[in-house]
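Working notes, beginning with the structure itself.
Letters A, B, C and D mark the chains in the order given here, with residues in each chain numbered from 1 onward.
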Amino acid sequence: MNIQPERLVELNNLTIRFGANAQSGNATVDHVDFHLDKGEFVALVGESGSGKSLLAHALSGILSPAAEMKSDRFHFSGVDLSDPKSNKWHGIRGREIGVVFQNPRAALSPVRKVGKQIADVIAEHRFLRKQALKEAVLEALAAVRIPDPALRVDAYPHELSGGMCQRIMMAIALAGDPALLIADEATTGLDTTTQAAIVSLLRQQAEARHMACLFISHDLALAKDFAHRIIVMHAGQIVEEASVDRLFTSPRHPYSAALTKATPANAATVSELSGIPGGIPDLRRSVPACRFAGRCEFADTQCWTERPELAGPPDALVACWRPLS
Amino acid sequence: MAEAALGLIRKIGNLPLGAAFSVVMFAVLVILAAIGPYVVPYDPLATVPASAMQPPSLTHWFGTDQLGRDIFSRTITATRIDLVTALSAVLISLVTGTTIGAVAGWSGRWLDAVSTRVFDTIMAFPLFALAVGIAAALGNSISSVIIATAIVNMPFFARQVRTEVNRRRSAGYVEAARLARIPAPKIVAFHIMPNLVPPLMVQSSLNMGWAILNAAGLSFIGLGIQPPDPEWGIMVADGAAYMFSGEWWVFLFPGLMLMLAVLTFTLLGDALRDWLDPRRAS
Amino acid sequence: MTLLDVKALKKYFPLARGQLLHAVEDVSFAIKAGDGLGLVGESGSGKSTIGRLLTGLELADGGTISLDTSTDTAVQLVFQTAEEALNPAFTIERNIAVGLGKNRSSDPKRIAETARSVGLDPELLTRRPHQISGGQQARAGIARALVSEPELLVLDEPTAALDVSVQAAVLKLIDRLRRERSIALLFISHDLEVVRLMCDHVLVLYLGRVAEYGPVEQVMSAPAHPYTRALLSSAPGKSNRVRSAGEALSPIDPPGNACLFHNRCPSATETCRTSKPELITLRDGWQAACHHMERS
Amino acid sequence: MIKLFSSRLLLALPNLLGVVILIFILTRMLPGDPAAYFAGPAATQKSIEEVRKQLGLDRSLPEQFLTYVQGLFSGDLGRSLTSGQSVLDDLVSRVPASLELTLLALALASGLGILLGVGASLRPGGGLDRLCSVVSILGQAVPTFFLGLLLVFVFYYKLGWAPAPLGRLDILYSTPDGPTGFWIVDTLVAGDLDTLSGVLRQLTLPVVTLAMFGIGPVARMTRASMIEVLNSDFIRTARAAGLPPSKVLWTYAFRSIAVPVLNTVGMVLSFLLGANVLVEKVFGWPGIGAYAIESVLASDFAPIQGFVLLMAFLYVAINLAIDLIALSLDPRVKFDG
């Protein structure tokens, strides 16, 4: 029997533009379709400038006012959120959607005790009396495995290690018991041992609370560990979307394949490594229709003039005129 | 030549209002300081009792004062003395402040600690009060105004240079120069200082404004430049007494000119901050 | 031929209230001419400090560094964040020229040649650092270190700030230069995979002390120290995880008579809390400091 | 808290010592003969020599310095030639007038500056932002004494709304006789609302004049720090966590910039204490600034010296208070000298 999973996020044809690119007319996030089921773990990968964090900001309702966002449809649990200023965001932001950011020490207020910062968020989503609030904070700290919660509530971020701060961040993100947790480069810059601990805590909490999880990272190996489905972005466009197994065994987009080949862990010797020529195209100037065309060894005129749509079987979508077989 | 001038005008026209104003006014002030005394219609010192206290008119654009002197001529002539006083003070504080700040910032340790203390001490004074004290001790002369103004401005340069040098001391490019066995004075002078030129230009422009205010303030209370020499601060002080009998022009015009001069350097400082930002050059 | 011989290197940083931060404690290693040694460890393990000690940017508090070369610019450093490492007031050409040293302020031919060898387009030489990309900045930093023809290149996380696609190209460049010019490398990195590709030997540091030191394939395929195992297993993409719980001890006045890893070690015993493990040679050129090597 | 206080006090001591040394150097080392000053303009060479001996100026400099410091400790700032009074007494009787003016102006400048700066930071380039930059640039560029005169001309001479710029209180009222010397406080304590209104009317123009000078730096600093902090990671966290905008703005953003703003307020206080001299002259305010100017014109050096010393002491004391507030506001501020 086939049980249809329940849709949590449905986002069609998302476009985000900035004034800085007005001359070229290029959107910084370009025609992106995105969906997520309840309890699903999805990873979004790409290099810096790929637009993945911007997508995360749009999904969590904190896009800067300078960004102009348009979409055909943006539903979260059936609520229409396509207007970023809509007051429907109230009750969803921080409550139904929690976010863990990178660089945790900077992501916490430096002048407020961490316990207070968690309490602020809990108090926003639940009506609790003082004593109950205090207990809820301790519980939240214990849930993210902070040793001696009673001691740490009165600490300031600069008194805690990076890993510890990231656990506090996670407690804040989990405070509203959200249905979706977004981890935006949540382990970047942490030591590998700490990184591993944070990822496993993330997975364990998401599973225990039946949350869907969007894991955003530039690190392919990390994404591979974590998610069921992987979305690869390049210069604001989704180039490939596939199950983990398919993406890593037989990537179909040249960019996904090139990224795999550039990862040190996948190479036996230096000579097996290969970089990708050029960089992410400058969106202030005019760019090819497939924005990877300028860096792609297989590109032809069609790639420069016609934008490839994301197409294919559900577990192996690719946006490419010349996909690898 | 005409082409270049036209291009310059177009460039200025494209600037934000404040920046364009400051560039034009700066040029005007410099020209007035250079040739003002030679082109004014009247002798700024000549007293004509018969035509005392005349309101602004076509013959006396800004009117005349209690001694019948032409206020327009006096206001324009004063540009030189006010600007030269301020400029001398700023140059002295720029040179000494930068030198001390660079040495302190590079050497660190006790030298840094001592000089920081000294500057904290100077800055611990309400600066105008300090300037009053210094100028009073040095006696009534232009040079004492210049020295007093230079001393109160110097810590701003020294502090800024010290902070910037100290911050860059551990920058990768400075360490690379050390690895190349380049001697420390050369590193400070040729590797660090070029990075400080933009902030120091901004600081100098802002300090020009403060220095003008400071010098005019000192003369306003009777220190430094002495009558009958035309100077904006003195002229405002002179005119203040006549305000209550309705002769407003005596204090107003020199005051406006003083304000314009300070405004010019303040806005120029802001404009320089925008232009000289290296990130904008790309 | 041994190019660099480091014996019992020590570096302490004094802090307020008479405390001492033990950044480097009794570290010994050697690098042969043309050899590549990787220095790995978490942040705060002292790996960058060792690089600075070798180049003379810091002075050691103990131990010896003997370098078998004739020139005084034989050791050059490639800095971590390329953007900060280049002088924003200088063109790329002048930035590279700094590497020539005090006596030769310019040598356009040599600079152009070096720029070409690191894959920098000559037309970029007239630009300023903020006008070129991160990858190009990294290349310029390498060019400055190379222009004086050093025999040992210390690279302090040279690709940490770069995207993988750029990192791959820079790593290949460093490897090519090393082989072409037979330069020895001291490669500082937190990424074991990168060290595996770039180096012949690896030295694993934990809180300033040597945990394990040996040929890179052997250490990575059969790590002897529990910390090395923790590092290896925590790298993403490894399914069977040995997690080390807890946080590292403070490097400020650490206990002198204990294994500093004892509070995170799955196989720690009373001995580990009360006596400091010495470096034991396991095989020729392979050492580790652990009380329980036979058990692990 | 006592420990914090005493350690900060210790840090301020070298500054005070520096002030004392500097003033000592100014009076002894610079051109101009203090003996000639103190002997008065009509003095002969012989009487100058007598004064020199009397003042101890014939002794070695270190000796002179010690005597000088001893004098300071016993509160001896010398005697004013013009008033014939002890300088300390003169200053003490005039300090409340100056402080009442300066502190009110500081409060006004900080309050308006902070509101303006926060408002401007919410929409950079917007209307409030433009107002903010105009106010701060004009505040810096218009000379205090000129602004004072303009206000007097418009509001007293032309419109007749403001009272004559002749001191703290119109002669119609009886001088408040209270313990503090701060007439707002004294009239409030006495419950004399009529006199209070007179005091306030007299204060309005000088306070506004002085405050205009201080708004700029506070507004600029607030705006710049707020813009930076509003783009910071932890504000993004607070917004993503669903905290309401007012909480994000004040509890998170503003709270974290309180220290730099407070430091700017301290700096502005120093400006105001200095600019006070000019404002007191314009408004005939019987404070220490006007006293200093009288002394300057009479070449009476002891009061000037006492004035500068008092200014420095005031500034150091108030900065000490600001440091202590900063300590309680920001856990990162440590004792770093």
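Here are some notes:
Methods note: a contact is a pair of C-beta atoms (placed from the backbone, for glycine too) under 8 Å apart; a residue touches a chain by one contact, two chains touch by 3 or more.
Quantities reported herein were computed from a predicted structural model and do not represent experimental measurements.
Following the contact convention of this document, no chain is adjacent to both subunit A and subunit C.
Chain centres here are means of the Cα atoms, and by that rule the chain farthest away from subunit C is D.
One simple way to say how far apart two chains are is to compare their mean CA positions; for subunit A and subunit D this gives 53 Å. In terms of their C-alpha centroids, the spacing between subunit B and subunit D amounts to 23 Å.
Interchain contacts close the chains into one ring where each touches exactly two others, per the touch definition above. Every pair of chains in contact is given here: A-C, A-D, B-C, B-D. Those residues of subunit B whose C-beta lies close enough to touch subunit C in the complex are 171-173, 175-183, 186, 191, 194-195, 197, 278-279, 281-282. Per the touch definition, subunit D reaches subunit A in the complex via residues 232-234, 236-244, 247, 251-252, 255-256, 258, 329-332. The part of subunit C that touches subunit B in the complex is made up of residues 55-57, 72-73, 75-77, 79-81, 84-90, 95, 98-102, 128, 130-131, 141, 144-145, 148. Interface of subunit C with subunit A (complex): residues 42-43, 133, 135, 163-172, 175, 190-194, 196-198, 230-231, 233-237, 239, 241, 243-247. By the touch rule above, subunit A contacts subunit D in their complex via residues 60-62, 90-95, 97-99, 101, 103, 106-112, 120-121, 124-125, 156, 158, 169, 172-173, 175-176.
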